[in-house]
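Since the structure comes first, as structure tokens, the remarks are kept for the end.
We just call them A, B, C and D in the order they show up, numbering each chain from 1.
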Amino acid sequence: MSPSLNEYLNQFEGHQKVIATVTEVLGFDATGLMTFIVFFTGAFVVVNVMALVGGLGTYAERKISADIQLRQGPNRVGPYGLLQFLADGVKMIMKEDIFPAQADKTLFNLAPLLALIGVFATLAVVPFSSGLTLANLNVGVFYLIGVSSLVGVAVFLGGYSANSKWSMLGGMRGASQIISYEVPVTISILTIVLISGGMSFGSFVGGQGGFPHEWYIFHNPFTFIGFFVFFVGMLAETNRAPFDLPEAESELVSGYHTEYTGMRFGLFALAEYIEVFVLCGVAAAAFLGGYRVPFNLGDGVVFVEKLGLPPIIGKNIGQVLQLGAFLTKTLFLYYVVIWVRWTFPRIRVDQVMTICWKYLTPLALFNLVGVTIWVFAFDGHSIWDVLGHMLSSGSGGGHH
Amino acid sequence: MFENTLFFLSATLTIVGAAGVVFSKNLMHACVLLLGSLFGIAGLYATIGADFLAASQLVIYAGGVVILMLFAVMLTGGSADSSNKFGIEKIPGMGSTKTYVIAGFSVLVISFTILKLMANFMKSYKAGELPAFSSTVEEIGTLLVTDHVLAFEISSILLLGALVGAAVIARPRKG
Amino acid sequence: MEYTISTIAPIVLLPFFAFVINAFIVKRFTSLAVFISCASIIGSFFYAARVFFDFLNVFSADYYIHKTFTWFDLSYGSFPFKLDMGIYIDNMTATMLFMVTGVASLIHIFSTYYMHDDKRYGRFFVYLSLFTSAMLALVLSENLISVFIFWELMGFCSYSLIGFYYEKEGAGNASIKAFMTTRVGDVFFLLGILAIWSVVGSVSFVDIYQAIGMGKFNGLYALGIPLATFAGFSIFMGTIGKSAQFPLQVWLPDAMWGPTPCSALIHAATMVAAGVYLSLRCYPLMEAGHLTMFIAYIGGITAFGAATIALVQTDIKAVLAYSTISQLGYMVLGVGVGSYNAAFMHLITHAVFKACLFLSAGSVIHSLHDHHTHAHVQEMPRMGGLRTKMPYTFLAMLLCTFAIAGIPFFSGFVSKDRILGDALLMALDNKAYWGPAVLGFGGALLTAFYMFRMMFLTFFGEPRDKELYDHTKKEGLSWNRNVPLLILSVFTLGVFFSGSLTGQGFIKVSSEKYEWFKTLIVNPTKTDFSGRQAQPLSFTANPSGETFSKSKYDSTYGLSEEKAHHIHHVHHIGALVSIIIAFSGVFISAMMYFWRSWNPGFWVSLFSRWYRALQNKYYFDDFYIKGLIQKGLLPLNRLLAFIDMGLYDRYAIDGWEKVNRALFTISKWFDNIIVDTVAVDGTGASVRFFNVILRTIQSGKIQFYFIMIILVLTGYIWTLKI
Amino acid sequence: MISLSSYLFISFTLFIAGIAVMIARKNIIAMMLGIELILNSAALNFAAYSRFVNNNLEGHLMSLFIIVIAAAEAAVGLAIVIRFFQIKETIHIDDAAQLQS
């Protein structure tokens, strides 16, 4: 249903011909090499696009916050100030690279890289469309959670290695917050795993449909709550307001990246924005139907049959529609995240842990139990199926 | 080809990390190197088709154990005789020449022992035809709740006990 | 009619539970505690009434209820050591139950009036409930051990109630005196029980009767005395102590320190009567021990001597106390002269009228309040003329005085006259009995005199303490003050006890209930007890519901016509004499204190030595304290102390110490050299030696252990042949 | 080329490294790093045998349980270390040689 990029390309004759040609030229079976090349190319493109998206994220944040605060925001560099992020990047690269004297230099260098590695590694499993998924792992979401926790280590190391008390406190807060909020996030993802019967994003998205009533968020009451648990946990994991305690400027100057300057600081910021995008994508894929388009337009069969287009073009049009659906949902969530940041005040540091362990975790566990019972009782059908069955059977007798 | 590349990368990461854990004089560095070694092991799991194991390794070690270790280093770093409050330079007890000599001797002894055992096994081992990779997630899940359900439940009780026990032990007490 | 244990047990258990509950709630909920006490005893009264009327109307004369359970059984082979506990109800028990619960109910009700303002109002009822349950349990007991247990429990209650106002020194001393004096009798009582146990192997009344009937006591001697005599005497000593007979009568007058209702209940109606009850229960034993003449003399002396002391008392309660001793003497006299039936009858009638007298005295005392000393007045010289102030009390007391003085148609006449008639009969048979008989008749004269003296001094004439009289409120009819008195006083009429007005069978009021007392109460020797086996507690008596034929009154007592005629004749003479005596006593009293024609002071000066003796109660207290205790008991104690300390301690114990010292020297050497040096220290040294070796291994250093593990494992693996 | 012996060699290296850390270090946390290495070598061995010898998933399960136990061990062990540090203000292993505090 949801092949990775290589499997998708293998459907087309042109690709097969290319492989055959390369094999002839090189004299040995080039399938593996081509697979590697395709994967590498895809990854390269995705990573760069994502870096661009992260840069645009900063622009979006400034523009939206300006809108909320009745300001103009960046409007000098480029049309509507769109190129502001490039200007910022150039500024960062040009800046003096400062090492604190007492810093642990190895770790000080390593921390931003670790953060970026953790975030970019997650991109391998993000389902942009049914064809544009770098690796459709069986343990996709599990892998994503594992790799993204590298960001926690990076935050911690960044805070530690700078050898400053603000950085130290910020790093401690960030790491503890990230590993704490992994618990409710993982548990609410587990409910989706239970319903879809698999851990890969392919099975997540494949179990849903294009219309909102086919999405997992409206599958049953527990997933509806679970989505909000996931969303709040996601905010905390990415250190976004109102959970931005690790970089609370009123208390800790700038938290774990207080001592960072130049592009190291830029890497941290980039990692943060990309991570927000990735987790918004995960939320969209797990709860909001992912790349599914209504009326099954996404697989392109309709264009081939009704409009008479060639299959290759129909399929690619479908892919574009899917990518558009995914990006629409993800960017909507991205907008909500920014919206929340400029709307809610920051909460206290003890309240962060209270919300996690006393409210979200019990709620997530309750959801897990509830979804388990729901799946067992109604054989995995959604609440709409159950209601429809009850209405059609007339007696209200429920399933079986 | 592709798998071989992954294997060599992972093996290198693992062994270099482990060696770093042994020889690093800075505990923080040792922890980060351990993280690298564990990532390498996750990659090794991936090369033998154990995708679930690999993901578990990532989640549990990278997300949990190593951060826990870092926290522990942080919370215990500032010993009384340390000049640096945050314990970067003067983390005590990282070993001396004497202990390394003893360790080296012990390692030699145990290496020979293991090699003796392994030699017998490897002589009789015949490499067979390896099956293709398949998803292990569903099979592991099935095994966990059928054949190994007792071990599964016991390990869940163990985790609960560890959770409560760790919280109780580490709680600061008055007096 | 079915009698299970659940119909009988509430008689005892209701007051007992009231005691248990009240003991906890009395401090906080005093009114509730009092209500529980009163309600429980009234409920108990209804249960007892059912039993009594069944025995009176339904059952045959020899019907009984006997239920037991085994308390403990330590028998081994042919040595029986088994004790049953249980209940035994025959006619006498039923009558006692009815009397005790009835009188106790009325006294409880009166106490709510008398004790109401007392600061230990609630506690009084706690004691009363405990006492009542103990008394009822004693009456229901089927064996002597159980009797003894409740006997002592009553003694404790009596002690507590005499010392109720323990702030007063006199009350405390009096309670101790009462307890210690009765203890003398109790020790003998216990000896008697043991003597009976040794012969009969059981202490159940039925077994004792059976044993006496089979002649088990014949030919048995202890210390040269026949064993039956010894046992009977010992048990009668219990009676002497409890019923305040000569020579242990000294405690009862002092017992008047207690509150008046408790005097009425304990020291007039029930507890002191329990002694007589015990004598009646053991009557076959007394007969077998040939003790009847001794008992008759004791009774006669007590009856007369106490009456003489009562002549000179001025305290109204003291007069009643001595009259109680005197009347108890009559009962004992009745036991002694074989007047089993009449003695028990006198017990019942006396309980009724003496309870009423005490309650009336209480009513008088309670209303006379001295505003100078803030105390109640008990002295008769300060009373007088109270007739108009408290008419109901006066009426009740007058009726009771008629009864105790032996005026015809009243209960006291019926019962006392029969005792005296039987005494006269015995005297005619055996000249040795003339003494008790004459003493009895003399006592009757004195009784009439001093009772009317009390009446005249209290209620007639001019008030001698004008201020006190004026402060006294006029008495109104009140449910808890006069009504109990009036109810009791109604039952002083003889017709309720004899069925005829005179008690001599001349005028029959009711043919049905004619002489029910004589039918009901029979001497146990006349009944064959061989078939009276005990039943288990769960046994339901007579489940088939068969009817019982009542035995008719036999005016000839089962004797020959001629003998019966003789008895009737003598009884008529006795009745005539006692009527004359009673009226002459009343007349003398009236001449002295009502019309004041004769001056009592003249007689006092004429018999001044005797007057002093009477005032000092015949010097009994002085004799006991100075003579017996100081000259006898204390030297004996000193002698015993000398034996203990001078002889036993010095020679036996100290001598043993010297032997021990010698043994100690030997064992010390053995201990030091052999055990300590060789065994203990040697073991320690060897342990230390190995310790030094092994200690180095357990260093506490984990890495050392780890290396050891590696080395051992490696060594093990290298030894494997693989 | 990549066979069982490759994995066994890596596992062997890890084990040796763990042993060396356990013996050479005097810092309790550093020793716990060694413990993690040893446990991981065992888990890797299980997984490798499962792939190359038995060809079933029992070995995977054993590895999974080892990971679980390692996590529990790390949690409790580090809690003990922190408690020990609160009492003694040191985490030198030789200071833990006495039973009394």
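Note that contacts are C-beta pairs under 8 Å (C-beta built on N, C-alpha and C of every residue); 3 or more make two chains touch, one makes a residue touch a chain.
Please read all numbers here as calculations on a predicted model, not as lab measurements.
Asks: Any chance you could name the chains that touch subunit A and subunit C both?
Replies: B
Asks: Starting from the mean Cα coordinates of subunit B and subunit D, work out the distance between those two points in Å.
Replies: 6
Asks: Measuring from the mean C-alpha position of subunit B to the mean C-alpha position of subunit C, what distance in angstrom results?
Replies: Spacing between the chain centres: roughly 92 Å.
Asks: Averaging only over C-alpha atoms, locate the centres of subunit A and subunit D and give their separation in whole Å.
Replies: Here the centre of subunit D sits 33 Å away from the centre of subunit A.
Asks: So how far apart, in whole Å, are subunit C and subunit D when each is placed at the average of its C-alpha atoms?
Replies: Centres of subunit C and subunit D (C-alpha means) sit 88 Å apart.
Asks: Hunt down the residues of subunit B that sit against at least two other chains at once, touch-wise.
Replies: Counting only residues that touch two or more other chains, subunit B contributes 52, 56-57, 64, 71, 99, 102, 106, 110, 136.
Asks: Could you pull out the residues of subunit D that touch at least 2 other chains?
Replies: Touching at least two other chains: 19, 23, 26, 93.
Asks: If each chain is a dot and touching chains are joined, what shape do you get: line, ring, star, complete or other?
Replies: other
Asks: Who touches whom among the chains?
Replies: Here the touching chain pairs work out to A-B, B-C, B-D, C-D.
Asks: Spell out the residues on subunit C that touch subunit B in their complex, using ranges where they run on.
Replies: On the subunit C side, the touching residues are 703, 707, 710-711, 713-714, 717-718, 722.
Asks: Under the stated contact criterion, what part of subunit C meets subunit D in this complex?
Replies: 699-703, 706-707, 710
Asks: Sort out for me which residues of subunit B touch subunit D in the complex.
Replies: Going through subunit B, the ones touching subunit D are 3-4, 7, 11, 14-15, 18-19, 21-22, 27, 30-31, 34, 37-38, 41, 44-45, 47-50, 52-53, 56-57, 60-61, 64-65, 68-69, 71-73, 75-76, 79-80, 91-96, 99-100, 102-104, 106-107, 110-111, 114, 118, 122, 125, 127-128, 130-131, 136, 139-140, 143-144, 148, 151, 155, 158-159, 161-163, 165-167, 169-170, 172.
Asks: So in the complex, the part of subunit B that touches subunit C is made up of which residues?
Replies: For subunit B paired with subunit C, touching residues are 99, 102, 106, 109-110, 113, 116-117, 120.
Asks: Touching residues of subunit D toward subunit B in the complex: what are they?
Replies: Spelled out, the residues of subunit D in touch with subunit B are 1-8, 10, 12-21, 23-30, 32-34, 36-37, 40, 43-44, 47-48, 50-53, 55, 57-58, 60-61, 63-65, 67-76, 78-83, 85-86, 89-93.
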